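Below you'll find the structures, each written out as structure tokens.
What follows is chain A paired twice: with chain B in the first complex and chain C in the second.
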Partner chain A sequence: MSIDPFRPARHSGSKPIHNLDARLKFIIALGFILTTSLAPQGAWAVYILLFSLAFSIALLSDVGIRHIYARAALALPFILAAFPLLFTVTGVPIFSFSIGSLSLTASWQGLERFISISFKSWISVQIAVLLATTTRLPDLLFAMRNLAIPQLIVAIIGLMWRYIFLMVEEANRLLRARLSRSGVTTQNSKKYGGSLTWRAKVAGNMAGNLLIRSLERSDRVYSAMLARGYDGEIRRFKNPPLTLQDWLILIGSIAVLVILLTLGLLLNS
Partner chain B sequence: MLLSPTAMHIPDGFLSVVVSVLFWLFSLLAIAFSIKRVKQNLGEKEVPLMGVLAAAIFAGQMLNFTVIGGTSGHLLGAALATILVGPWAAILVMTAVVATQALLFQDGGLIVLGANLFNMAVVGVAVSYAVYRLIYQLFKGREVGIFIAGFIAAWSSIFIASLLVALQLALSGTFSADLAIPAMGGIHALIGIGEGLITIGALAVLFASRPDLLNISPAQAGNNRPILIAGILIALLLAVLSPLASSDPDGLEWVAEEYGFLQTAQEPLYQIIPDYVFPGVENEIVATILAGILGTLIVFGIAWGIAYARRAKATS
Partner chain C sequence: MIVDEAVLFENLNFSYPDGHIALRNVNLRIRDGEKVALVGPNGAGKSTLLLHFNGILMGDGRMRIYGNDLKNGNLRKIRSLVGLVFQNPDDQLFSPTVFEDVAFGPIYQGLSEDEVKKQVEQALESVHMKDYAQRVSYHLSIGEKKRISIATVLSMNPKILVLDEPSAGLDPRSRRSLIHLLSELPQTLIAATHDLALVRELLPRTIIMNGGKIIADGRTSDLLQNTTLLLENGLEPL
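Then we have the complex of A and B:
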């Protein structure tokens, strides 16, 4: 896989979602998530349609449904943060119980809001996963550059992407080194692993190590860039124009999203 | 999840669109201002430096340590980035890290990315810088000042950012303020200690091998004044505002209503077509059932289409 962050490229092969222009995918994904966020609470009809759209795109993408839903599930734990809504929103009570002096009452309104937030969040994550799995970061960066995101930020993310795997490998080596010099015992009576402060300090030393290596690497990267003619200027390719088909897909998708949003607002009014 | 250190990354759906847009604006302003400042004295070297440092901070977040049982602490890195490259560049480095986490790893949503950027990249760095500068000065250049200032800067960056997350959730109505603020603040006060200890460990290594990297040159101090003031103001504002909002949760709603932005922004949108009955669909339950059928048909159609296309390809 090529990781040249400055070369716009399309995938060959017959994967329709992969082949879409990254600019389109970026805008449509943002529009989809925005629509989901704007859909009023409890508009179940709209949620179902949004979900089936997301599911259809997942099918079309040919990435593998299981892969997409496994990754989408990783982002779910935050939903627990919304759980207290069940009790804090006042409304028609479902049940109530008390822990010590604390008395909690769950309400239907709270349940509705909790499920709405969880469902909306889950659909949004699916779309974000789809965007990430069907679009290479260099293409995404290229799209972002076309959408008036500052050149400097795009250049930093581009270089970051170039070195992220090296740094993750470096971090894994540090973790492996720590593991191999750490003793563990199964005897419960014996204490191991040192104090919390000491463990934090060891992790900190590893972080410092990683930072120094990265700073020294950036010196070498800079020298290498200079040797290849870098003059402080970040250059970019011309944007390929959107084709008629691209425009049709873009307008069609936005129209569908607007219709869904209107439907949600109608049902809620 | 509340109990996990990643509670900093808000997913999509948890903030109202008004709050998301508002914090997008704040972040864009702050980032645009940082870009301007960085460009003013941008050596050729800074672009690769910021890129590689962003990659290292990203990877550094994998370095964890066991706290108790199954929980572990890990680094977020805003304070370290600030100490190493100064506040303006650190804002850009952290922006790259947070944006990549959202774009590639779904760690935090896309519509709420503005809020996440503001919490972690802008406020995290501004508070770190203000605290580090002020406390470091108290020690009049003595070495121990680097570590104490580093610890407190790292702790405050986490703590203040978490208060902001709680306020954003409360403003969006996702969470009631009397619960969100003590819960988020309390947990992150502990997580912040871990961040502080890791920061000390990292600073110790940097100090032993490359002390030249830790110099805060006085020449830059004037250039950094806006962020110093912003950092102090944000920290004070949140430290004062949060207990107020939490002891009087209606107060926050009152603020929201008083300024009317929640109402004025959302209600017209939801009432574009008031009291209009969708033709043929008078009942929400009927609409939901119809949506279920339609959705199933869409999915079935796509699946059938794919299967058909594959078979056609296989036989041709």
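Then we have the complex of A and C:
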């Protein structure tokens, strides 16, 4: 998904992953993420198999490996959050050091858990990015509703998506206005740009301004939606029933995921 | 370069990243002090062309503002020469108070506190809004916001004023007072507008655009009499 209004999401007519039914993709992606999260700690063989699977789908999707992996960096916050595990899990110590009165000891068990969590988050994010890149959001929302995800959650995701564009537009207008007035005087000796604190203050004011304007604009958009009968439900033509091929893909994918998960559990025991 | 040349665009072409061609082979020369109207239907390319005057957009072709080639190294200088006033004053005003908004340009230029205050005072005075300095921009009427928007660029002492739809959304009295205000300003003036009555009153030269091209460029009094030309280009004869 892209938030540049001029560069819509990369959709194409004849790509196999793009053309799969959104319901299928949603279930398989969710199953994949669930399997990855449930795979036991330190089941490296399974992680590598899951990664190869994600990588193969990325290749098959024809979206561009670089595009997928640049966005997979979204996993970074999860990895950072897992970092303290290195020191909090007790086990065979690797090294220890102290900061003031605080003494920290890293353990092999902690390291294993940290690497496992990092790897698992990274693979899960790759699949989420793939799902988002190869499926149009309206299709995805509709698929979620079809799969009985509560209306409120689907509406929140849908509105968030709608309003991101409004915010981007508002932000672009503000930035353009600021840029237009960022000139240097013809008396060239002056140092231009203003002080750092002044610029920070202007940026802060702009952020506040953006928030107010986006809120007001979203109110207007919401009123317009209400005026046209919006009640939180997405109404579209019914999705056609899944074909035999769809069912085969779905059952095959879930079988592969179950096998991988079982393999992980067996390896670990 | 002609001595009094303010703007030169030669063979200017521009397309948006989605492939939409917005400007096709635009050739334009404006002299210092000229007052020019840019008219045409929605989507004619007027606003896109306006954004080229200070390099917010940069298409292919030769572009020169007061002898400065429009290129990356020159943009800051050009932006202090060209005051661009956006159609929606809410886009123009991003600071909490009128004073801070009008002071943005001069502070950015690195002027001293006294100079900034002086510039702001002069700018507000020329739009007859001197008493509004400490008001919150957000709570003004559209007519007032429009004047403050003009002050935000006047405070930078620009040589060219570029206005996008200056009279849009104004009530008759605010519109009248804006016309009066614009007629007092000495700068080179370029205004994109649908308000042909304003054009007739204020801007002696008119450029008609349609489909990204300049269709006609001449004296306002002549062009506004050419009913066929106006109708062909989505304009309503007066």
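In the analysis below, the second predicted complex is superposed on the first by the 174 of 269 C-alpha atoms of A that agree within 3 Å, B and C clash if a C-alpha of one lies under 4 Å from a C-alpha of the other, contacts with A are read in each partner's own complex, and residues count from 1 in each chain.
As a working rule, a residue touches a chain if its C-beta (ideal position, glycine included) is under 8 Å from a C-beta of that chain, and two chains touch if they have at least 3 such contacts.
What you see is a predicted model, and the numbers here were worked out from it, not measured in a lab.
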item	value
Partner chain in contact with A:177 - chain B first, chain C second, else both or neither	second
Partner chain in contact with A:192 - chain B first, chain C second, else both or neither	second
First (chain B), second (chain C), both or neither touched by A:95	neither
Chain C versus chain B, contacts on chain A by residue	B
Chain B versus chain C as contact partner of A:158, first or second or both or neither	first
Those residues of chain A which chain B touches in one complex and chain C touches in the other	174, 193, 202, 205-206, 208-209, 212-213
Complex interface listing, chain C residues touching chain A	16-18, 51, 54, 56, 76-81, 84, 86, 88, 90-92, 94-96, 100, 104-105, 107-111, 138, 152-153, 156-157
Residue ranges of chain A in contact with chain B within the complex	29-30, 33-34, 36-38, 40, 44-46, 48-49, 51-53, 55-56, 59-60, 62, 71-72, 74-75, 77-78, 80-82, 84-85, 88, 117-118, 120-125, 128-129, 131-132, 137, 140, 150, 152-153, 155-164, 166-168, 170-172, 174-175, 193, 196-197, 199-215, 217-219, 221-222, 225-226, 230-232, 234, 262-263, 265-269
Chain A-touching residues of chain B, taken from the complex the two chains share	1-2, 4, 6-7, 9-17, 20, 31-32, 35, 38-39, 42, 44-45, 47-56, 58-60, 62-67, 73-75, 77, 80, 84, 92-93, 95-97, 99-100, 102-107, 109-111, 169, 174-176, 179, 194, 197-206, 209-210, 213, 269-276, 278, 284, 287-288, 290-292, 294-296, 298-299, 301-303, 306
Residues of chain A that touch chain C when the two form their complex	4, 6-7, 173-174, 176-186, 190-194, 198, 202, 205-206, 208-209, 212-213
